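Heads up, the next two complexes both have chain A, just with different partners, chain B and then chain C.
And then the complex of A and B:
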């Protein structure tokens, strides 16, 4: 395993991503959590660049680091909220959780440690935006169109659940 | 790809999906533009007509050969047709229940949304039955899940409903993440999302122990993620709270349509990918044969946990949640035994379960709505208040318990024989199944004693709305018909779908 520039960049980015994730769980103030989340999102975008998936990286930054975090911040600002999180679980539960995570980590590590995936010549990195577009609008048209139904259902659902009931107000006016 | 190749696909075979989509769109537009004072209840009949038209178009497609559109992202094979039929019948009954649903605090403002979210959920489930591509399967799963999350939280002023929606979203999100992680392993190792190509790639790679190990990890992650959807123990924690808190038609939808869809996607992924893949270095047994013990464990734990915890429940919807966990266990027995008749057994059991469970939920909805409580004691003296309704409910309960002469008995018998006929026979699972069934008699017959032998709190006669009456009559007819003459259903299955030969082709 040689220490190339790509390797160093990968190590740095993945470290930032993991630390961001851990901080997200451990920090107590909501705004700090969001900042930690942004670090994770941006370093994941960096990983996409390393894999020559520039379009995905741009989308990751636009949608996740941009839109979703901003919406979260708006949500925090506009709602009444208890700024710090509630009591945490007991010691035994934490230990069990850590054991479970460590066990899963070891199991996956055992699987990928010596893994040798034969490398194939691909043209996926050339014009990848164009290629994604072609795949999306030809071969994967059915799931793509279904996703639009999914988004519509989610949108309607969000409106139903968040809408303020105006039944009473109307009654007063009439 | 140009327009001509796109139009050369046989889009007519997606007609049932298009019809459901069109009706959902129509309902959402009508809901938007109709005047506020208009009673949205009549929209249910449009939804019902839409589903019935979809059933008719599906029956028209029964004779056609298996069709693949756009590299299997949609494929209509006999497996898809058979299970789509179950989903559509179930959804039609659920819409009828929703039409008559009248909760205490009212559902006036959101009645329109109520109907078309059922339809989008149904669309997701239908897409899952007929797709040979991981991406489409996953989008279908999410469409069903997101529609159900919202439906569970429909009673906004009811704390129980809010809790149900919140728990369902969080548990569903976790399960989705686990499933997706497993799927990413499958895609990363095989390099394709098409299930058929993936299966070929996996069989070729499995000689390498390292790849076999990683495919094993992926198998477990997908299995665990989907077990949440099936509500099989030990991944059932969300089910009782969600079933209890959701509006009753939504509970019926979750326990019938959503569960059927979960089994469908499980069969699709697990059977297509792991049935032919060699399970060890010797390449004698297939992966599924060497690892079916894990599915057996899930089945055994579900049967025991579901039935034992149901004994202690006083809330009828909670009790049915645990009973549905046990029923998921029975069906998992059929999958883990993996005999020649697995598909038949699963299909018949799901059909029987649909009829008896929807019938039971119709009565439960009527009683809980009129008494504003969900305690089992509300069923006391039902026989005096409405003898016909009590008799119908008794048949559904007998069928759920698996008494001869009902569809539930035949379904259980099929699964039981299926478990014993394989070589080596699954004797432990079969005996757990019998033990679970015996335990289930206690709580099922507890409801019967309430209905027939306890005095009623009120002597008021119960008025049965048309929708609920129709569901009860339909479910009653089906339960008894398939119990007395199960061959009507099995012959239909064999004549129209063969033995699911085109599943893997």
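And then the complex of A and C:
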């Protein structure tokens, strides 16, 4: 494990991702949590760049920046502004939890560190946007189309649900 | 010059050089922002039969913005008592950082570009979406109803208009066959895409004005309705950061429009003795002027009109444009 620039970038990005995840669980206010989530998603996109999957990274940010904004709006609209959560766990339980997590971390670290993954020569990192397009529209054409039909059905379902609500309201008012 | 640097092996020296170059670019952009604000006020003044700034810095008011920025810098930094302190401080940073990040992929000339990413266009659109998170955060953290309303409007507007923006660009991508901004400029050597994609250009222009939150789409900061929108509670340098990110986006969006539709640094026929940088800045200035012109001419839309226009007009027209482009390209091998 040498300390190259890539390694430094990896350490920084993964630290931000993990800290964002931990904060997401531990913070009490919804908007704070969402901001923590933003950091996690962006640093995951950074990790994709390190793996030279730049298309995936751009799409990750493109999709999630919109999604996160929506989550944030729902968080603002559906929760009370000054809500506080009550602490439930005792000290002993927390200590046990930490011990358990540390044990699990050590075990999986040892397992992964000694795992020998055979490296095979691939050309996936060259021109990967073109390769993704080729794969989607040739080998995986049917799953791709099925996914789009599924999404379309979900979209139409959402429209129908929202539409019905509207009519009822108008009926009540008149 | 930059290409050799991009291809060279990484090291501390390279890091230093890039850091220096980025600082120079930041200063250049700050200079642009200073004079873009002045130009905007001057042009608005002339169009409304007024003088515009003409006191500070000679007859043309050349130091007006410098004086304004100095005022903002030495202003007291206020944070409202019931505001959410950490997010209030973080929000301008989240809003500004992506604005500067997107400039990295813009190819100014064939030699001057900071990052030659394969998916440059997608990168631009993706990163610019993060700014809205900063705006919504700022609106929420201010703990003020007008700020929150402004933030909500910004989010709704960003999501509604990002879709037509991406769809209008798809026509260009279809014709160029690449997401790389350099390839797109090269593909325009035979003819600019404003001629081959006129519908796409108009949709892109409208959607980009909406993404820039400028009049007639400046609902997130509509003065007459929301006091000042999402930045009501901000003052001093934090407020300056919001304004700065807005004008850096103006710079980036005008550059992107130049690259996508006006052939980037490419010259007009028989005029290639003029260097690419001059061509780029001419076209770029034209777009900036156009954006200012639109701002002065048109009144603000209502919120419901804004949504209807985005979803019922721009999106179907953009989809039809993609369909038409694909048909023309496949059937007649046109363009």
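To be clear about the criterion, the second predicted complex is superposed on the first by the 113 of 174 C-alpha atoms of A that agree within 3 Å, B and C clash if a C-alpha of one lies under 4 Å from a C-alpha of the other, contacts with A are read in each partner's own complex, and residues count from 1 in each chain.
Keep in mind that, in the parts below, a contact is a pair of C-beta atoms (placed from the backbone, for glycine too) under 8 Å apart; a residue touches a chain by one contact, two chains touch by 3 or more.
In this text the structure is predicted, and so the values were computed from the model without any measurement.
Once the two complexes are laid over each other on the shared chain, residue contacts for A:146 go to chain B alone; chain C is not touched.
Residue contacts after overlaying the shared chain place A:21 against neither chain B nor chain C. Of the two partner chains placed by superposition, only chain C is touched by A:31; chain B is not. Residue contacts after overlaying the shared chain place A:108 against chain B, while chain C stays out of touching range.
Residue contacts after overlaying the shared chain place A:156 against chain B, while chain C stays out of touching range. In the superposed model, A:68 makes contact with chain C only, not with chain B.
Against chain B, the residues of chain A that register as touching in their complex are 107-108, 110-112, 114-117, 138-143, 146-147, 149-150, 152-154, 156-157, 160-161, 165, 167.
Within the complex, the chain C residues that touch chain A are 10, 15, 84, 86-87, 90, 94, 117-119, 122-123, 125-127, 129-130, 132-133, 136-137, 140-141, 143, 148, 152, 155, 158-159, 162, 179. In the complex of the two chains, the chain B residues touching chain A come out as 1, 6, 21, 24, 28, 69-71, 73-74, 108-110, 113, 116-117, 120-121, 123-124, 127, 131, 133, 135-136, 139-140, 142-143, 146-147, 149-150, 153-154, 156-157, 165, 189, 210-211, 213-214, 217. On chain A, the positions that touch chain C within their shared complex are 5, 29, 31-32, 35, 38, 42, 54-55, 58-59, 61-62, 65-66, 68-70, 72-73, 76, 81, 127-129.
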